[in-house]
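Here come two complexes built around subunit A, the first alongside subunit B, the second alongside subunit C.
Let's turn to the complex of A and B:
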């Protein structure tokens, strides 16, 4: 099947419309869960820009997520900043930290890059613990209700929270689709496929990869800040290695290098874990088994396989 | 206590850390050197060693020395068998692709940790030291068992060194490390070498876990710190080089003992992790093999 640009936009905008419609169909409990999934999907979309499209396998994205979370959370806590400016601060914090880490870490590649990003994230986590008096350490802190308002709406109530999450998700999805369909998006893929050849064509791999990682950090910061203002909590546990692994798992499951893969992966994994926690407390076992099974049997993920077999047009 | 004896105590505690670390890190270095696999689940093999030591000592009757000797033998063997199975079932099928194996060993880490939590429980349990003997110094008393840990680690590392440089199996492992396909062309069963190496690396981590458990209780989350420290040691020492690993273990273990005693351990860890990141960024060629 062939698909034109209009058709591709129709599919993606259709998903956003369908998600908007969900608020009339689902119970409040499930609406909150869907809001969580959308925020996690934003995190995973950012991870996908770096890993799926540009081929940068980072193990340190929790650092950028936590940067956004604490930028929004601490500015609310200390200076009474509300959700809107908090979100912007979070996005900037994530992007700036990613750019700073990228300046150093992108001098390495492959396994070294993974370990360097892991070490930076670990240092960030330990720093949060070290300044536990301010950050609340592992226990974290809850945001005051006054700071959780956006344009006059109270984000601790179901509908505004869901709509705010949907808005962040929609902007993220549309932006990543626009990036990937642009010439810049093609250079990202070129870096993944053959760095030497793209260098020969006149692109500077370092700046392209730095731009990709920074973009990825902006997404992670947005997701972290959204989590803080929507769910009213910030804590150092979100900076642990586990939160670097989760977006990787979502992306691998949904399909690395596909626009909708991160959302699909986050949705499926969330539902799976939800079902598993009903049966057993050992849900981390499931995460581990899913990782192993994915790299063994489905390295392309769900949408990657769909694209390979049936829908070549899938962006 | 005066400053001098205090420093001596810090140095002695640091030596114990260094001994344990050298064992665990040499396993990690061996696996990376020969197989080019970064084993993120290495810390969990260490934890399994400690937990299995507790299990063995709980079920073997008789004096603590006998139970501990049994644990020293059984736990590393069981862990090595598990690692060999993981190699055959997972890593081999990934064709030892560096990035895929890291993802897979992360998965393995979660599975082992969760299995330990489910089967062993969230509590920390002590294991009795094989003998009660205290070294009485003029300023403080010190557990003789800790001296035994240092000596045992030295003995094992010497044996490992002899194995790698003097035995035929060690020669085959080194040949595989240098060039996998040429080794295969000379009739070396590379798959078996890899399985053996992975098992040996895991066994060394488990042995470190067994040795540490009378000093530090067995807990299902105890693998995190040694993993991080082993990474640090192996990177500072040059991945794959056993001699570099040993020197770095001594350095990190001693400074950990001293810094941990005089400053905040969290601050020490922050500095150490950042240092390692910088080493990798600015001196990757010297410390990370030819080209990673």
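Let's turn to the complex of A and C:
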């Protein structure tokens, strides 16, 4: 089947519309969970731009997520900044930190790049612990209710929180679809597919990859800041390696290098963990089994497999 | 006329192996200049130095009089030196269209689709635009590689053994295409097929053990006793 540009946009905007409708169907508990999933999906979308499309396997994205979270959280706590400016600060913090890490880490590639990004993230985590008096360390801190207001709406209530999460998600989704369908998006994929050839077509791999990583950091920063202002908490536990691996798992599960894969992966992983924790305290065992099944039967992730077999038009 | 590319004393040794050893070389604008020599003579290494894929240990490379010896490869491409790979190097999982579009948009994204289709038509691949590049036959992949080089609108197109592995009919079409490129594009050609070289080259340089053995017209090269002894074996 072939699909034109209008059809592709229709599918993606349709998802946003369907998510909007969910607030009328779901219970408040599930609405809050869906808000969490959408924020995590933004994190994963950013990860996907670097890993899925550009081929940069980073193990340090927790650092960029935490940068956004603490930029919003600390500015709220120390200076009383509200959610809107807090989000912007968070996005900038994630992007700037990713650019700084990229300047150094992108001198390496492959496994070395993984290790260098991991080391930067660990250094960031330890820094948060070291300055525990300000950052709250592992225990973190809660944001004051006054700082969690956006355009006059209280983000600690269900509907504004859900709509704010949806807005961030929608912007992230539309932006990543637009990027991937643009000439720049084609350049990103070219780096993943054949860096040497790309260089001999006149592209500087370093600057292209730095742009991809920075973009990815902007997404991670947005997600971290959104988490802080929507759920009212910032803590160093979000800077641990676990939060570098989670977006990778979401992306692998949903389909690396697909626009909707990060959301699908975040959704399924969230549901899977919900179900597994209801069954056993060893829930990670079930999650692990699901991932093994994924690697065996759908190594390209769910949407990667769908694209391969049925829908080649899927961006 | 000033040379388009000029090298002086260009040298790259790998340990004891003198791959390129003090090469003085001139590429004149509008020529189809063939680079020949036995296996291991340093041909591919020499063009790697020109294209910036490797940096020399000593010597200089000038493009239009400007020193580009230390310029990175991607910047040389933007200055007009395009390189097509000896071992076909395409984007196997992207469509044929995307492969060529990447070359076109490297010079600016205006009229991208039309320019891409034009570049594909030039090599006769317009009907295969939507195919995944890895599904193309070997001959078509070579043509795709050439289309990517042409789409860069280079001043110098370096072709590294372009006819290797092509069928006889494909070679004829290929040489006709290369001849149609000059004089707008200057062609530097590494080629083992002597028939092709003698047929289309306007100038020939013979490399042997990393050094220039002779440079001249096809007739001069054929008559050169040193070349005959070292290479042509006649």
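Brief remarks on what is shown
The rule we apply is simple: the second predicted complex is superposed on the first by the 303 of 315 C-alpha atoms of A that agree within 3 Å, B and C clash if a C-alpha of one lies under 4 Å from a C-alpha of the other, contacts with A are read in each partner's own complex, and residues count from 1 in each chain.
In this text, a residue touches a chain if its C-beta (ideal position, glycine included) is under 8 Å from a C-beta of that chain, and two chains touch if they have at least 3 such contacts.
Just so we're clear, the structure is a prediction, and the values are computed from it rather than from any experiment.
By the touch criterion defined above, A:98 reaches neither subunit B nor subunit C.
In the superposition on chain A, A:200 makes contact with subunit C only, while subunit B stays out of contact range. For subunit A, the partner that touches more of its residues is B, with subunit B and subunit C as the two candidates.
Once chain A of one complex is fitted onto chain A of the other, the partner contacts of A:107 are limited to subunit B, with no touch recorded for subunit C.
When the two complexes are overlaid on their common chain A, residue A:69 makes contact with neither subunit B nor subunit C.
When both complexes are overlaid on chain A, the residue A:127 reaches subunit B alone and has no touch with subunit C. In the superposition on chain A, A:190 contacts subunit C only, with no contact to subunit B. Against subunit A, the residues of subunit C that register as touching in their complex are 51, 53, 72-75, 77-78, 82-83, 85, 89-94, 98, 101-103, 105-107, 109, 112, 148, 152. Across the interface of their complex, subunit A is touched by residues 38, 90, 93-94, 98-100, 102-104, 106-115, 117-118, 228, 231, 235, 264, 266-267, 269-270, 273-274, 276-278, 280-282, 284, 288, 292 of subunit B.
Only residues 183, 186-187, 189-190, 193-194, 196-205 of subunit A touch subunit C when the two sit together in their complex.
Across the interface of their complex, subunit B is touched by residues 57, 59, 104-105, 107-112, 114-116, 119-120, 122-123, 126-127, 129-130, 245, 248, 252, 280-282, 284-285, 287-292, 294-296, 299 of subunit A.
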